[in-house]
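After this come two complexes, each holding chain A, first together with chain B and then together with chain C.
On to the complex of A and B.
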C-alpha cells in the first residue's frame, strides 16, 4: 500500500501542518497561527488522506493553538463530520483551558466533537495504546 | 525613547487578507500582554478581534483596525476599532442574533465577540460602511458598592 499517494502536508504561507499516520490513526498537529485558507486546505487534505489510507481514526492535536475562533471551530467540526462519513472517528486533543473558556463564551461548544486532554488519551479513546510496558494486562 | 513610543498612541493595521487577520491577532495579543492582561483575558480579546477582523474582511470588503491602549487610573485597557467602507449592516438586531449568518459562517461572529469584551458598539451606515468598537480592560473594575 502506497499510503499517502499524492497528498503531502497542507501547505500555506510558509507553514506546514504535519499529518502523520500511526497505524490505523492519522495524527494531525496544529501549531501557532493557522490562516483561514490553510485551515480549509487542511480539511481537504485530511479528508483525502482518510480515503486513501483507510484509517479508522483521526487525532487533531491543538495543544499548540492559542486561539480557536468560530471559523477554525467550524473547520474542525467539518473535518470530524467528513471523517465520520468516511467511517473514521475524530478526537480533538489538548485544548488549552483558556481556549475552552473562550469557546464556551463565544457560544461554540462543538457538541459533535469528541475530545481528550492529550494525544495519548485520544489514542486510547480510539483503541490505540501508545505506551508500552508497565505490566499491561 | 523607543519604550515610550510603544504605548504612546494608536496603531492602524490593514485588514485585506488571511495573512492580515493573523497579523492582527498577533498584534492584539502582544498589546494585551504588554498592558497586563491575563492569559484568559488575552485569549478572549484575541478571539473577539479575530471574529471582528474577519467580518471586516468578508462582509466589509476589507478595511483596517485601530489599536488604542487606554489608561484608567490603575488599570489598563485596549480599544479596537474595526473600520470598513462596505455595504453596512442592514438589520443590526438580526446581525447580533446568535446563529444568524449572511456569509455562510456559524453566525457567532458579532454576537460571540460581544460576549468576549466589556464594551461593544456598532456604528453602521448603509452604503457607507461599518465601525465596530470594542474595549477590554486588564482588570475588571467591580461596580462601586454603596456602604451604608
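On to the complex of A and C.
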C-alpha cells in the first residue's frame, strides 16, 4: 500500500504511511508502529509534498496508534517544526487517552504542536470546514 | 466432681477437657448469666431470649474449642461458627460509639460469671485441680476476647477498603456543563492515585462528549503543594494532547499565595477564579452568549394571572 491517493506526485517506494491531499491540507494517517527508517522517509516526504503543493496545513491522524514513545514524539515535533518553516500549520489529531497519559508521564507534552480531538476538528482548526454546522443563529 | 488423672498428665490437656465438659453441662446457666452481662444486654435490647440464644451459641463454640485442647488457638474451628455472631455483636457495640477498649472490657467481663460457676463445681474451690481448670478457662476466655478483637478489626478494615473504593468513584465525577464543555469538580486531597483516576475519567469524557473545553475546578482541594500542582499540570497537558483546552478554576486566594511562594510556574495553564468564570470563558470562546430573557417579567406575570 503506497500513498497514491492524493493529487500530485506519488510518494513512496515501499512506503506504508499514506499521505493524502485534501484541498489545502495534507492528511497523514499513522497506523501501528513507525520504524526509524519510515519516520525519516515520512519527514522527507511531507516536507517535499508541502513545498510542491504549497498546502497551508498538515493533519497527522494518530487515532490508529496505540503506543507513542519518545522517538515518535520527537518525530512528530520535528515534522511540525519542518512544516512551520514551509509556512504550513500542523495539527495532531485523534490521540487516544492512554497515549496522552503515557506521553505526559514521559514528560513529552509536545508544546509546539496543535492538537484536535479528531480529523474533522483538525480540519476545522485549519479553517477547512467539512460542513457548516455552527452557522449564525 | 472427681478428677482421676495421673500426675504427669495433669497438665493442660485434661483441664481443657474438663472445661469442655463443664461448658457443655452448664451451657444453659452460663447463657442465662451472660444474658445479664453488659455486652449481651446492650446488644440484644429487644428480647432476652435472643441474648440467651447467642450466649448458648458462644458457650457451645467454647466447649468445642476446649474439646480439641487448642485453648489459645485463634484459628480453632470452633470459633468459626460464632465468628459471624461475635462480629455482629462487636459491630453493634461500635455503632453506639464504643471504642475497641470498651468492647474488649465487656468481653473480659464475661469471664467472671463462668469462673464462679466452674469453681462451684469443685468441692474444694481452691484445690490445685480447681485452679488448673480455672486457668484453662481463663486462657480460653482470653482467646475468645482476641477472636472478638480480630473480627472487629478485620471488619473495620473491610469497611475502610470498601469506602476508599467508593470515594475514588464518587469523588471524580465528570460533568457535562454545555455542548463540548466538561468539568471535574475536585474535592479533597489529590494524591497520585486519585489524580490518575481524574486524568483517565477526564480524557474518556473528552472523547465521549467530544469536548473542546475541560474545566478542572479545585475549589474543594484544601491545599496545593508542588506535587498536587504537578498532577494538575499533567492533567492539563494530557487534555491538551487530546485537543481540548483545559481551564483550572477555583484557586482560592490562600492557595494562589502558596503557589507563588512555592515558585510553581502555572504560566502555561489557563486559570479563572471560579467555575462560573471558567464556564463563561468556554462559552464565549465557542461564540455562545448567555443573556437574561427579555420577556422574563412578562411571562412570570402571565403565569400568575
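Details
Going forward, the second predicted complex is superposed on the first by the 116 of 137 C-alpha atoms of A that agree within 3 Å, B and C clash if a C-alpha of one lies under 4 Å from a C-alpha of the other, contacts with A are read in each partner's own complex, and residues count from 1 in each chain.
We adopt the following convention: a residue touches a chain if its C-beta (ideal position, glycine included) is under 8 Å from a C-beta of that chain, and two chains touch if they have at least 3 such contacts.
Keep in mind it's a predicted model, so treat the numbers as computed, not measured.
Partners chain B and chain C, brought together by superposition on chain A, fit side by side with no clash. When the shared chain is aligned, chain B comes close enough to touch A:36, but chain C does not.
By the touch criterion stated above, A:74 is placed in contact with chain B alone, chain C being left untouched. Here the vertex is the CA centre of chain A, and the angle it makes with the centres of chain B and chain C is 50 degrees, a multiple of 10. Using the contact criterion defined above for the overlaid structures, shared-chain residue A:115 touches chain C, although it does not reach chain B. Contacts of A:44 after superposition on the shared chain: neither chain B nor chain C is touched. Of the two partner chains placed by superposition, only chain C is touched by A:93; chain B is not. In this overlay, which is a superposition and not a single complex, chain B and chain C have their closest Cα atoms 7 Å apart. In the superposition on the C-alpha atoms of chain A, the part of chain A touched by chain B in one complex and by chain C in the other spans residues 97, 99, 101, 105. In the complex of the two chains, the chain C residues touching chain A come out as 196, 199-200, 203-204, 206-207, 210-212, 234, 237-244, 268, 287.
Touching chain C in their complex are the following residues of chain A: 92-93, 95, 97, 99-101, 103-105, 109-111, 115-118, 121-122, 134. Here chain B touches chain A in the complex through residues 18-19, 21-22, 25-26, 29, 39-40, 42-44, 46-47, 50-51, 54, 98, 105-106, 108-109, 111-113, 115-116, going by the rule given at the top. Interface residues of chain A, counted against chain B in their complex, comprise 13, 33, 35-38, 66-71, 73-74, 96-99, 101-102, 105-108.
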